[in-house]
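Have a look at the structure below, then the notes.
We call the chains A, B, C, D and E, going by the order they appear; numbering starts again at 1 in every chain.
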Amino acid sequence: MATVPLDQGLLLAAILFTLGLVGVLARRNLLFILMSLEVMLNAAGVAFIVAGARWAAPGGQVMFILVLTLAATEVSVGLALILLMHRRIPTLDADAGDQLKG
Amino acid sequence: MREFLWLVPALPLLGSVILMFGSAHLSVRTAAMIGVLSVGLAALIAFVISAGFVLDPPVGGVYQQTLWRWFHVGGFSVDVGLRLDPLSLLMMLVTSGVGFFIHLFATEFMEGEQGYGRFFAHLNLFVAAMLLLVLARNFLVLYAGWEGVGLCSYLLIGFWWGDPLNGLAARKAFIVTRIGDTAFLIGLLLIATRLGTLNIASAMTRAHETLHVASPMVTLIAFLLLGGAIGKSAQLPLHTWLPDAMAGPTPVSALIHAATMVTAGVYLIARTHVLFLLAPIAQFTVGIVGALTLLLAGFSALAQNDIKRVLAYSTMSQIGYMFVALGVGAWGAAMFHLMAHAFFKALLFLSAGAVTMRLHHEQDIFKMGGLWRRLPVAFWSFLIGSAALSALPLVTAGFYSKEAILSGAWADGTRGRVLWCAGVVGAFVTGVYIFRVVFIAFFGEEHTHVSGSYGWRVIVPLIVLSTLSLVGGFIQLPPAFGHITLLSDLLSTVLPAPLGATTVMPLLFASFASISGIVVAAALYWRPTHARADATPLWRFWHAAAGFDWLYDRFLVCPVLWAARIDRDDFIDKIYSGIVWVTRAGHFAVRRTQSGRVRLYAAGLALGSICLIAIAVLR
Amino acid sequence: MILLWLLCVPAVGGALAWLAEAAHPNWSRWISIGVLSLDLLLALALISPATSSGHPAWIASFDRPWIPQLGISFELDLDGLSLVLILLTLALSLISVVISWTEITERVGLFHANLLWTTTGVIGVFLALDMFLFFFFWELMLVPMYFLIALWGHENRFYAAIKFFLFTQGSGLIMLVAILALVFIHQHATGHLTFDYLALLGTKMNSMTAFWLMLGFFVAFVVKLPAVPFHTWLPDAHTEAPTAGSVLLAGVLLKTGAYGLLRFVVPLFPDAAHAFAPVAMTLAVIGILYGALLAFGQNDMKRLVAYSSISHMGFILLGVFAWNTLALDGVVVQMLAHGVSTGALFILVGALQERIHTRDMRFMGGLWASLPRLSAFGMFFAIASLGLPGLGNFIGEFLILLGSFHVSVAFTVFAAGGLVAAAAYSLLLVQRAFHGRIEPFPGRTGLFDLTTPHLVVMTVLMLSIVGLGVYPQPVLYQVAPGLSLLQHSGQASTGLRARVAEQP
Amino acid sequence: MNSTFEISAIVAVLATVMTITRASAVHALLYLTVSLLAVALVFFVLGAPFAAALEVIIYAGAIMVLFVFVIMMLNIGDMAADLERAWLTPSMWIGPSFLAVLLAIELGVVVTAGGYGHRAGSVVDARAVGVALVGPYMLAVELASFLLLAGLVAAFHLGRSITRAD
Amino acid sequence: MMTAAAFRAFAPFTLLGALTIVVMLLIAVRRDHRLTALSTIIGLSLCCVVLLFSAPASPVPVTPLFIVDGTALFYAGLVLGSALIVAIISYAYLASSGHAAREEYYLLLLTATLGAAVLPESIDFTSFFLGIEVLSISLLGLIAYASPRQGAAEAGTKYLVLSGAASAFLLFGMALIYAEVGTMSFVRIGVEAHTGDPADLYRLVGVAMILTGVGFKLSLVPFHMWTPDVYEGAPAPVTAFVAVVSKIAVFSVILRYFNLAESHADTSLRLGLEAVAILSMLGGNLLALLQNNVKRLLAYSSIAHLGYLLVGFLAADSLGNMAVAYYLAAYAVTTLGAFGIVALLSVPGTGRDADQIENYRGLFRTHPFLAGGLTLMLLSLAGMPPTMGFIGKFYLVAAGVDSRLFWPVVALVVGSVIGLYYYSRVLVAMAMPIEHVPVRRAAAPLFGKAVIAALLVLLVTLGVYPAPAIAVIRVAVGHG
């Protein structure tokens, strides 16, 4: 197998991470925000895999698996919350929920 | 007997305390009894002690009594003690004696007034404070009496507190004199630090030993003491309180002007003459101040219509004479005039009071007229007083004492001649202004209704004081007149320089000035109906005593009042309000970030992270 | 041990007074009186007997480990200075209870609890010689005082209470920082972590550090004192507090600032304090004159008295930084006299407000006619506050002026100008409230004059101020050894240790 | 094989860009799946076949399906897509993009400057990972199970609340 | 693989996990609020007791991921104790609500506690990350719990999004460090950091990103914005949990990370942390200044308190560690008390908690005990004697001064003064007379009051005589 420069791999992770962040910041639909969060978490996973590959150690993949666990849990709870929210105020607009402020 | 000296100030003080606490429960009669008897007893004891002192002088001519140690701090101690020497003896006698007669007069004068007991409480306290002042062995005790006198003058000038004007006058008296007092206090601090003691006698000795003549230090001390004296004795430029002090009841005026208060300054300077001898500039200043004051006050008295104000200005003028005497080193003459003045000024005030109490407290001389027939007692008393004041030659005490001063001035070289001239002009003016009052008030047409009659408590003091005003001068006669030197003999142990003139010419000249003053007054005011001259600017200028009040008002009082008013809410507090405002503004600013928008919150998170990374990378 | 009792009695008494309200409000009052009297007796028992050879500086001590890990101990020491101030505290607290009898009718138990706890805190401040313990009490006394103002005060009480709290607490924290810095500097120098005041005396440090640390302490105490420009909390707090609160504030709490300056600022940093003296004395003189000017401008009677406090406290600041025996003795007398005279004035204003429901002097005038006793006492204490010889304030002011005259003539001369100003505002108060035209304001007929408890209290205060003015020597005698120890503590701390060790 | 990495990386980035810019949720989801698959390829290239498999199975498989369920339940139609388009105004984009660009620059600089030319690519297979998981990371696995439990309970409870709210 | 000593040392946490399972099974068998609550409370108490027994075995490593030592046990004890108190208060709170499914609440509480309790022991990124996430996911459920409440779902959503983003930052940071040093163990990172390249950009940026994630959990400025919204939206006992348990746990782990990986040495990071500390102290207090919602007010004040804690953290020496430990204990007691009282006064069915400042008007009259308690709690927050807060603040300032942290100490002083203002606003409100129609208030159950009373006793006792607590802390963390 050919090798990949460390910085290239991490660059990919960084770009994905940033894109995910743009999604979180710019989208108003909670569903999209959640997707963007997944992108960010995935980017972190990529970074772990890249790092693990550098050291040829299983730690990176273990961490990736744990991130995956988190992603799954977060999506399930998050989606449940979104549904709950949608029942209460029939919109997915993140900016609509501003009762709590000040 | 001398060991009872402490009773002299203590008795009036006791009377005062009893009256203060008990005035609500005491009848008018009892209050009067306590008030008069306490001073009377004090006077009696003072007289007995004095007699003993003269007949059997103590060793060194001084009797001292230590009551208790006031405080003792770090090697500096002040004892509460009394000192009886000829100077304080004279003052004690005058204060208690004249004070007693004024008290007696007041018991009748004040009858029916609200706060009768309170009045006598203050009056007693006044006498007590003055006695403490004159008997004090220590400067600080003297200062205590000094301030006590000031307080009592405040209380008594403002006795009729229902009228805010009286309160104003009282406050003015206290504050103006306090300016002088503060100078005095600073002088005391200087004495205490430079001479290491506040005991008057030892301070004088040390001053004599350690300070050079005309050294800046001693001059400064002398000037500061002079400041105190000026304030209390109503000399230029701290004189403005005195005419206003006429707001008090007439016995109070008598007390202030005759027996207590205004003489304190003269006494202080005589007491500390050692310092003034060491500081010739200061001493000459005393004379100048006296001369200016006597002229200013004399001319101002010419332009007054209120009988008490005339007397007030005349007091300033007479104290001016005493200052002239002090300025030329005629210490004994100053004391002599002080005594004589106490007699005739008390007499004048009391007789003026006797007039006004029968005229429903009318004090405008132009509303009187022809009273000599209606009120013969008052008229004769006032006339004797006026004669003594204007130094009618030969028969009055005022003549001898004033002559002593003028001859002292004449004898003091060129500077003294200048002061002598002022004194002679003053003597002329004195004759004019006081006989102006006599002619306007007691002769001519009657303008008012006179009611009531006098009791013995009015008549006796008037008679006694009249007598003293006439014969009181015979204890000290100039060499040309028989050369009696009772007073100067007495004072010789404490005050240097002999009394009395040695030349006759200036004496004759001064006598002529006095008499011509009376004659001029007679010529001008015999027909008083045409004599009102309110309108002329000159009259208004002198009526306002050369506008000192206006000046102070404009340049001192008003700015302070203005500052107090605009700064009522304290501009420093605005600084803190500003801090609060900024904090609140900060709160509202940061609060806006808490908009409830989740995306904004995420942006905050990102921004924070970006900054942290930047700091980490850039170092 | 007696010192601990001195602290515990009011602390526990406060709790008791709170609980006793359930039975009857008067129970709280009587308990407070009993507790304070007991404490007063304890304190009186500590007065050292007069001997010709003088007495030891430290009269009693109490020392137990408290937080040994940090070198903090529960160290109480009493010298004449502390004793005199504690006596003042207890006496004024006792008086506060008496004069609140009719004024405070709501939450009586809590009121007295707070009052007693304030007293506890103040006594602690005067006793503590461990810097941490001192700070503990310093903060502790604020809390009940805050409640006294905030809960039982007048119209604008919350503003005033919070202002008071913020000023004093903020400056207190600055002092905390300074205390800690001092402790750590000492630790680095000696390897010994301790908060013991006596050990910290004479800590070596460079002059810049010393200056900043001194400033930290100075600010805390000067805010409490207060001196211009940190004074603006005072008029509000004094004005809005209930009468008892004003009495305690003016009579006692301000003294803790002066005490701190005496006990800590100068002894701990003698050189820095000496270098700083011109600035401090300038502040003092500004305080004297500016306070007087402000007092002169007020319409609110209580505010007038409050501002006059600032003026009087200026003298204390002046005396402390003159730092010689005369001035320090003057400071002590001035503290006592000011406590009594201003306390009395506040009581009178309180009594007046109870009767005519205003403090605004524009709505007074001629009150002497209907309230002769109250007015007479008012006049007396106004005169005391203007420094008439024969009354306590004069002794204080004179000694301070005399002491500072040795140090600086210019400051003294300006400070003496304050005497004239004092006359102006004091007499203005008398004039506007008691004298003057009898104004026909509604509700001014049938006013009842001072009642017996008030009369007794006022008489006691009057006698004490006369006593202080006529014969202050017993007080001076009590405080002399302590003050001389303070004066020498900066130079020779080891010697001091030895002298302390001699005590039983 | 290096080009495999580059191509899949570019695909992943482009697909992600599409994901976050689509107006339709379903489209976005499809692009996200593409991106995840491309990432899986990257993992494979990097020598992490186990991770690559999990990426496909769990991410692209399970998690995306969850999203689809929710989209179906919420019944998001064209109206919602129009709304999304209306929301995607420049004013919405500029701020976040600015922040993201800043972050990207920072990370990019750091990543490229600090890489020192290290290379990654030796294979760590499923066995090695498995051994690690039951070895030193045993308790981590336990904790992960609690994480799942918590998620389960939370989702369950919230789900109940939804039905109750009806 | 795990020694007996390790088992013994780890027993409390094993027990906690088992307890979760047991409670879950109990719920499966019988839905009974009281039973569930009781078993939770008893179980948590048991954990606390067991914790004491694992102390003698420490310090002992438990797999490469954990170490059980004094520091860990101290913070775990704080976490467990606080969780116990939250559980009791929660029972009082939920008992009065008519909500149907109250049992899962305890389950989530237990998992959250488990996540928090393992954090102090963590010495590896995996356990660090997992602990935080177990805690966060459970909290997500708890925050949105009792959903009839207004804002619960909103608060949950906000927490979900932001917590997710923060986790991503945290993970990315960890990955960067891992890429740099090839290990996720704190100790070995520390070793590598010493021996490795000084210009290790990955590590620096990694720590910065970890701090972002942790800063979010600790609600430090500028990662704080979620805090008030979530505190307000969550049920009062949950708020207490978020404010206390999660803060202690996360703080302890970041403290551990910095102590072991020795990132304190890095000046640029210290600069960043100082900035964060100062911003938190000033920002938190400024935000709270005129706040009329008590829960939000306490939220803002908790931001400031975490800022104060950072002063001790930055001191980074024995004194600093001890100061942090004492302050966290004080903060726990105080905040639990304050939120506990809010919870006890709230009626869950009404849609919002007793969080408006008007709700506290006249509290001294209607609930003298709770009002007195809240007074002491607020005084402690303000750092006034005779409370633990006073000693704690003293300790922190001492640490700051000793380490010459000039600006943070200045900010601490300024912040404290501002803080005093808003705390006293609440104090004043409680003393004011009731003007309007009295707000409905719960009649606090006796055991709820008992908990508050216990906290008060602790607060005052350790405020007046802190020597025992300090002795314990000295043994536990003093030499860490």
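Please note the rule applied: contacts are C-beta pairs under 8 Å (C-beta built on N, C-alpha and C of every residue); 3 or more make two chains touch, one makes a residue touch a chain.
Just so it is clear, the structure is predicted and the values come from calculations on it, not from any experiment.
Novice: Across the interfaces A-D and B-D, which one involves more C-beta pairs in contact?
Specialist: Most C-beta pairs in contact, of the two: A-D.
Novice: So which chain is farthest from subunit E, going by the mean of the CA atoms in each chain?
Specialist: B
Novice: Select the chain whose centre, defined as the mean of its C-alpha atoms, is least distant from the mean of all protein C-alpha atoms.
Specialist: Central chain: C.
Novice: Please flag the chain sitting at the greatest distance from subunit D, going by CA centroids.
Specialist: It is B.
Novice: Centroid of subunit D to centroid of subunit E, CA atoms only: how many Å?
Specialist: 31
Novice: Cα centroid separation between subunit B and subunit E, in whole Å?
Specialist: About 77 Å, centre to centre.
Novice: Compute the distance, rounded to whole Å, between the mean C-alpha positions of subunit A and subunit C.
Specialist: Centre separation, subunit A to subunit C: 64 Å.
Novice: Could you give the separation in Å between the centres of subunit B and subunit C, each centre being the mean of its C-alpha atoms?
Specialist: So the centroids are 38 Å from each other.
Novice: Identify all positions of subunit C at which a residue touches two or more other chains, and write them in rising order.
Specialist: Correct list: empty.
Novice: Do you know which subunit E residues sit against two or more other chains?
Specialist: Those would be 126, 130, 133, 137, 140-141, 144, 147, 156-158, 161, 165, 176, 201, 205, 228-229.
Novice: Can you list every residue of subunit A that touches 2 or more other chains, as numbers and ranges?
Specialist: Answer for subunit A, listing residues that touch two or more other chains: 6, 10, 17, 20-21, 24-26, 28, 33-34, 45, 50-52, 54, 57, 59-60, 62, 66, 70, 73-74, 77, 81-82, 84, 88, 94, 97-102.
Novice: If I apply the definition of touch given earlier, which pairs of chains qualify?
Specialist: A-B, A-D, A-E, B-C, B-D, B-E, C-E, D-E
Novice: Please give the residue numbers of subunit E that touch subunit C in the complex, ascending.
Specialist: Where subunit E meets subunit C, its residues are 364, 379, 382, 384-386, 390, 394, 397-398, 401-402, 409, 412-414, 416-417, 420-421, 424-425, 427-428, 431, 465-467, 470-471, 474.
Novice: Tell me, which parts of subunit A touch subunit B in their complex?
Specialist: 21, 24-26, 28, 33, 94-95, 97-102
Novice: Spell out the residues on subunit E that touch subunit D in their complex, using ranges where they run on.
Specialist: Of all residues in subunit E, those touching subunit D are 1, 17, 20, 24, 62-66, 100-101, 104, 107-108, 111-112, 114-115, 118, 126-127, 130-131, 133-134, 137-138, 140-141, 144-145, 147, 156, 176, 180, 199-202, 205.
Novice: Can you tell me which positions in subunit A touch subunit D when the two form their complex?
Specialist: These residues of subunit A touch subunit D: 1-12, 14-23, 25-29, 31-32, 34-36, 38-39, 42, 45-46, 49-54, 56-62, 64-66, 68-77, 79-84, 86-88, 92-93.
Novice: Which of the residues in subunit C end up touching subunit B in this complex?
Specialist: 228-229, 231-232, 235, 293-294, 296-299, 324-326, 329-330, 366, 368, 372, 376, 383, 388-390, 394-395, 398-399, 401-402, 405-406, 412-413, 416-417, 419-420, 423-424, 427-428, 431, 434-438, 470-473, 476
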